[in-house]
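Please go over the structures that come below.
In what comes next, subunit A is part of two complexes: it sits with subunit B in the first one and with subunit C in the second one.
After this line comes the complex of A and B, so read on.
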């Protein structure tokens, strides 16, 4: 059967069905089903979030000052971004103003996450979609060294170095125990790199694994640990004392130097390893420009990284804010997270129940009652699903829409919006990548474009880390060492009833938390997260979500090996623990679920 | 190169004698209920079959445990994965997906029955027939039980697998349970924390491989080498507690001098973990050092013990230490008081828990 979706895709589910479950190298649990035509081209795509944790249900009745810790545990990969979103939501509700230093330190924490998360994503979650590990065994270490030295001044690049890595890899493969590389798609014709590029990438996979643990030490210094550093409503928990009595117990000169040194190392690694690798790999895949999906049509970003404390206006935000619809790059539309008619969530294809499922609900008024039911055309059983029925409910992810549009969020969305706004800090790096690769701007709307935008963003984040650390130092030098505003710390100082919204740009895209506070406790809490947008199922009008759209019309080299499918899905950096948790304003309904 | 070494090679290189190795094989055979030839079979397997296969499964969780694991500085996560164990299945980093991934589970059950370690991150929800966590179209809990059946031992990573953690906080809408509620017949090593410290995680793994035995566990199933003392017992801010020097509000004079965070709700006095000694991210810091109290994330049910900013118990302010001369005479009384408080808060906490269990 062929269906035309309102957002411009032709779905045909008559061909061979291929199921990928679990989708690995992501956070959480995701399933994807596609239909292939006679030429092994994807003509229908179904993306399913397969977990539900109910964290906002659990938040009801708790102290709003604790919410950051609960919501932080929504995701340990994008650790901290939910916590930041949460403290911003509470501060918005209670009209709390944070000190300038707290803003700089929060930005540093968030940028550290961006840099770390993008790096780990590229090497450890995504690289094996482009890099054939087994092919690296055939590489000539000398030629690998020449390749590495031609693209980067990074010092670990001698023939001996690559020979050692290759030797270790050879012994590893010959042991017959391939560990995480077991049953990979090695030798699949969709791999395009020469052996030398594969060996270089494997070496950097290992180096990045060693290095990533250094970046997060910035979280450890300002937040005490990583993953899951500590946050505070009203500011940051780390006090600053540069040269007074007891300075060793606070953020002091040694700590500030430590952060500064990590920032330098991070920038070196991104600029000398990540970006050159990205460009080298991209140069071999520039003919593989599938996976654009919604990116050329509808993208959105809430914006983040405020230059000034407490100023969340578009002007203050260093990451762009706005929405593009219908592919009209000449107009970036303003967005309002408080407007009940803009962001709405639908559940007609989600495993939840609404009184009227033709309508969407704004997060402040969201209803969530889990409703795990399978459609009549499901194959298999309720607890052994062979094939889902996408005409019915088929995912634990809701379908959020902006003014009725399915949107893509994430690094590519941010960079497309920055590009469309003509901001030089976004437009120029994009233009340079396209020029270096000899590609037109339309090439941006692809799996490769998404992966490239993430790399550019890591580079941008590294530079901004330096900026905010310097800004922090300058402010301390000017005599301001304040890090927290405690005027409204005590619940007695709060209004009886209030509501707020906080937002960030998580590594994976636009993230919003909506909170209602009543009598000092959380009355309602709702998070709409990046992977809810990207992994969304169909809506009542039949619009497909970003994951589904991105898989459409992609040819598969070997239908039994889902390499192209996971390559494109990974380009979004899916986070399923984030996407599949929603809250009923009436927690009692949840209690009923428990005793059933 | 270690990659080509067998398990036997590795432990011999680490100084384990042949005799200890044989004893380990016998004990393992006995614990698995294998017959007379069992020990020899295991010994043969470990001598000829290289690195111990590890199957790392994910239930309801946030992946913070995996993220923590890769932060390990000694040993490096890279060396654990390439040289110490054979991480044959881990959804988060494995190359294979879908049925190629699933096939590894089947192969491991058949080829390495009784010889692999099952590491579990997250936990199974039981409501909706387990379908709040679906893996390969089936309830995660079923796959978990299948893989546990053939495992030699089970590691429960983090607060989720050990206690239930955030999704099991009240009202626990999915009925998420710690793994020892569904795996009943295997030794389970609980490595709690949200997440556990990286070097504690790799420390537990390397202990098992190096000494060929499971670490000594406390009554709650935690390795006593890392979890037998409270954070407060070895906190570097402890002298300020004893001296009655507290942070009274965020960013006050006390905060800038690094005073004790007890009054800001620090749960260090009731939390058993290695944060104040091993510290985090290769010893850089830990929550208290960076100015926020401990939230007690390695303790059972820590989400349901009131606000993270509630003081553990109401106590009278100690005498403020002005200088050593003034404090001198009162020191003995202060120390006695501090000891009593420790006993007190622990007892209060235990009472709360018992009451909850009775209520549930």
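After this line comes the complex of A and C, so read on.
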């Protein structure tokens, strides 16, 4: 059957069905089903999160000042960004103003997360979709050295270095213990890099794994510990005492200088390793411009990284804020997270129950009542679904929409919006990448574009870390060491009933928490996470979400090796632990692929 | 449960040996929180001697790699699925702790933590000694729910087992003084008493499947 979606896709589910379950190397559990035509091109895509969650179930009746700690536990990757979003929601509800230093430190925490998450995503979650590890065994170390030295001044680039890495890798592979490289489709014709580029990338995979630990030390210094750094409603739980020597708890000048040196190292690694690798890899995939998703049609960003404390207006936010719909890049529309008619979640294709499922609910009025029912065309049983019926309910992810539109969120959305706004700090790097690769601006709307935007954003985040660290140090030197405002700490000072919204740009996209507080306790709490936007099922009008859109019309080289599907889905950095929860009853690690 | 002397790798040299006691799991999913609750109880009971770090790893996955590469001896608490009776405690040591695919499933966060171990190995910084104290869960689907009784009952035995393992590694634990006032490993309402105080009833937290 052929269906035309309102958002411009032609779905045809008549061809053979390929089921990938789970999509590996992501946080959480994602299953996709696609229909292929006679030429193995994807003509219908169905993405589903298979376990439910509702943070309000856990938070109702709890102390709003503790909410951040609970939201930090939803997921192992997005911890800090949930915590920041949560404290902002509570501060919004209670009209709490935070000091400038707290704003700078929070920005540093969030930018550190961006830089760290993007780097780890590129090397440890996504690179292996482009890099054939086994091919690296065939590389000539001398030629690899020449390649590395031609693209970067990074010092670890001698023939001997690459020979050592190759030796380690050979021993690893020969022992039959591929370890982190086990879920690959090595040798698939969709891999395009020469052996030398593969070896260089594997070497940097290892270097990045070793280096990333330095970046998170910033979380330990400003957040008190890592994992699970501390946050505070009203500011940051981090005392500053510049004259302190070795004082426990307080951040002194030695600690501030240490953060500065980590920022410099981070920028060096991003600029001399990550970006050159990204460009080198991209140059071999210039004709693989699939996976655009909704990026050329509808994108949204809430914005983040306020220049000024307590000013969350578009003007103050350094990451862009706004929405583009129908591909009209000449107009970036304002968004309002409080307006009940803008952001709404629908459940007509989700395993939840609403009184009237033709209507969406704004998160302040959101409900999460599970309703696991399968459509008449489902194949298999309730506990062992062989094929989903996407005409009915088919996912535990809700379908959020902005003014009725399915939106893509994430680094590419942010950079498309920044580009459309003509902001030079976004437009110029994008143009440089396109010029260097010899690609038109339309190439941006692709899997490759999404991956490139993440790299540019890591670079941007590194530069902003330097900016806010300098700003913080200047403010401290000027005599301001205030980091928290506790005027409204006690619940007696709060209104009997109030509500608020907090937002951030998580590495993977727009994140919002909506809270209602009654008699000092949480009355309702809804989190709409980036993967809920991108991984959403269809809505009552039939619009498909970004994951499904991104798989459309992609040709597969080998249908039972879903490399192209995984490559595109990974480019979103999906986090299903947030949007749903994973249960893998059989603990199966390798993705199960079934062609029907 | 005993520790087989023959299987043990040589002791890390001298007093410089670093030991990490790590609990992993998601406290929001009932018995999946076993590892974190066990390490929380460990911290409440014992004062860590010099060189011993006690860490709540949550569900950090690959981000735990630096903690694993920067220790000589690693003791992990986690929920495991070995097809045992719910509430069964199992000690797994040395090479029996699987770091690679194809082995018996070690942990419910297998993909995550196995990847951490193999990444540490790839970096050439695998701990010289490793042991896992695992507990077979009863209920993993009660969102927001507490530990079940059979699993809760294993927290105390798991501490005794941890003490034995560490003693065999040359680490003597000292119990904290009764009534010692100090912040716990988890705070802000996430400590076991705070968390379970208002845990929703299991019917409200059950998934649809």
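One rule holds in what follows: the second predicted complex is superposed on the first by the 572 of 596 C-alpha atoms of A that agree within 3 Å, B and C clash if a C-alpha of one lies under 4 Å from a C-alpha of the other, contacts with A are read in each partner's own complex, and residues count from 1 in each chain.
Please note the rule applied: contacts are C-beta pairs under 8 Å (C-beta built on N, C-alpha and C of every residue); 3 or more make two chains touch, one makes a residue touch a chain.
Fair warning: this is a prediction, and the values are worked out from it, not measured in the lab.
Placing subunit B and subunit C on a common subunit A by superposition gives a clash between them. Contacts of A:268 after superposition on the shared chain: neither subunit B nor subunit C is touched. After overlaying the two complexes on the shared chain, residue contacts for A:227 are found with subunit B and with subunit C alike. Within the superposed three-chain model, A:562 lies in touch with subunit B and out of touch with subunit C [touch as defined at top].
By the touch criterion defined above, A:174 lies against subunit B but remains apart from subunit C after alignment on the C-alpha atoms of chain A. Shared-chain residue A:210: touches subunit B and subunit C both.
Once the two complexes are laid over each other on the shared chain, residue contacts for A:383 go to subunit B and to subunit C alike.
Residue by residue along subunit A, subunit B and subunit C are tallied for touches, and B comes out ahead. In the superposition on chain A, A:37 makes contact with neither subunit B nor subunit C. In the superposition on chain A, subunit A positions 24, 27, 51-54, 57-58, 62-63, 65-66, 69-70, 73-77, 79, 120, 124, 168, 172, 177-180, 182, 206, 209-210, 212-213, 216, 227-228, 230, 370, 372, 382-383, 396, 577, 587, 590 are in contact with subunit B in one complex as well as with subunit C in the other. Only residues 1, 3-4, 50-51, 53, 58, 60-68, 70-73, 76-78, 81-82, 85-104, 125, 127-140, 142, 165-167, 169-176, 194-195, 198, 237, 249-251, 255-259, 275, 280-282, 284-292, 295, 297, 303, 307-309 of subunit B touch subunit A when the two sit together in their complex. Interface of subunit A with subunit C (complex): residues 24, 27, 51-54, 57-58, 60-63, 65-66, 68-70, 73-77, 79, 120, 124, 168, 172, 177-180, 182, 206, 209-210, 212-213, 216, 227-228, 230, 351, 370-372, 382-383, 396, 577, 581, 583, 587, 589-590. Residue ranges on subunit C touching subunit A, taken from their complex, read 26-29, 55-66, 81, 99-101, 105, 108, 110-112, 115, 118-119, 121-124, 140-141, 143-144, 187-190, 194, 198-200, 204-209.
Put simply, subunit A touches subunit B in their complex at residues 19-29, 31, 50-55, 57-58, 62-63, 65-66, 69-70, 73-77, 79, 120, 124-125, 128, 133, 167-168, 171-172, 174-185, 206, 209-210, 212-213, 216-217, 219-230, 232, 234-235, 237-241, 244-250, 258, 370, 372, 380, 382-386, 396, 481-484, 486, 489, 561-562, 566, 577, 587, 590-591, 593-594, 596.
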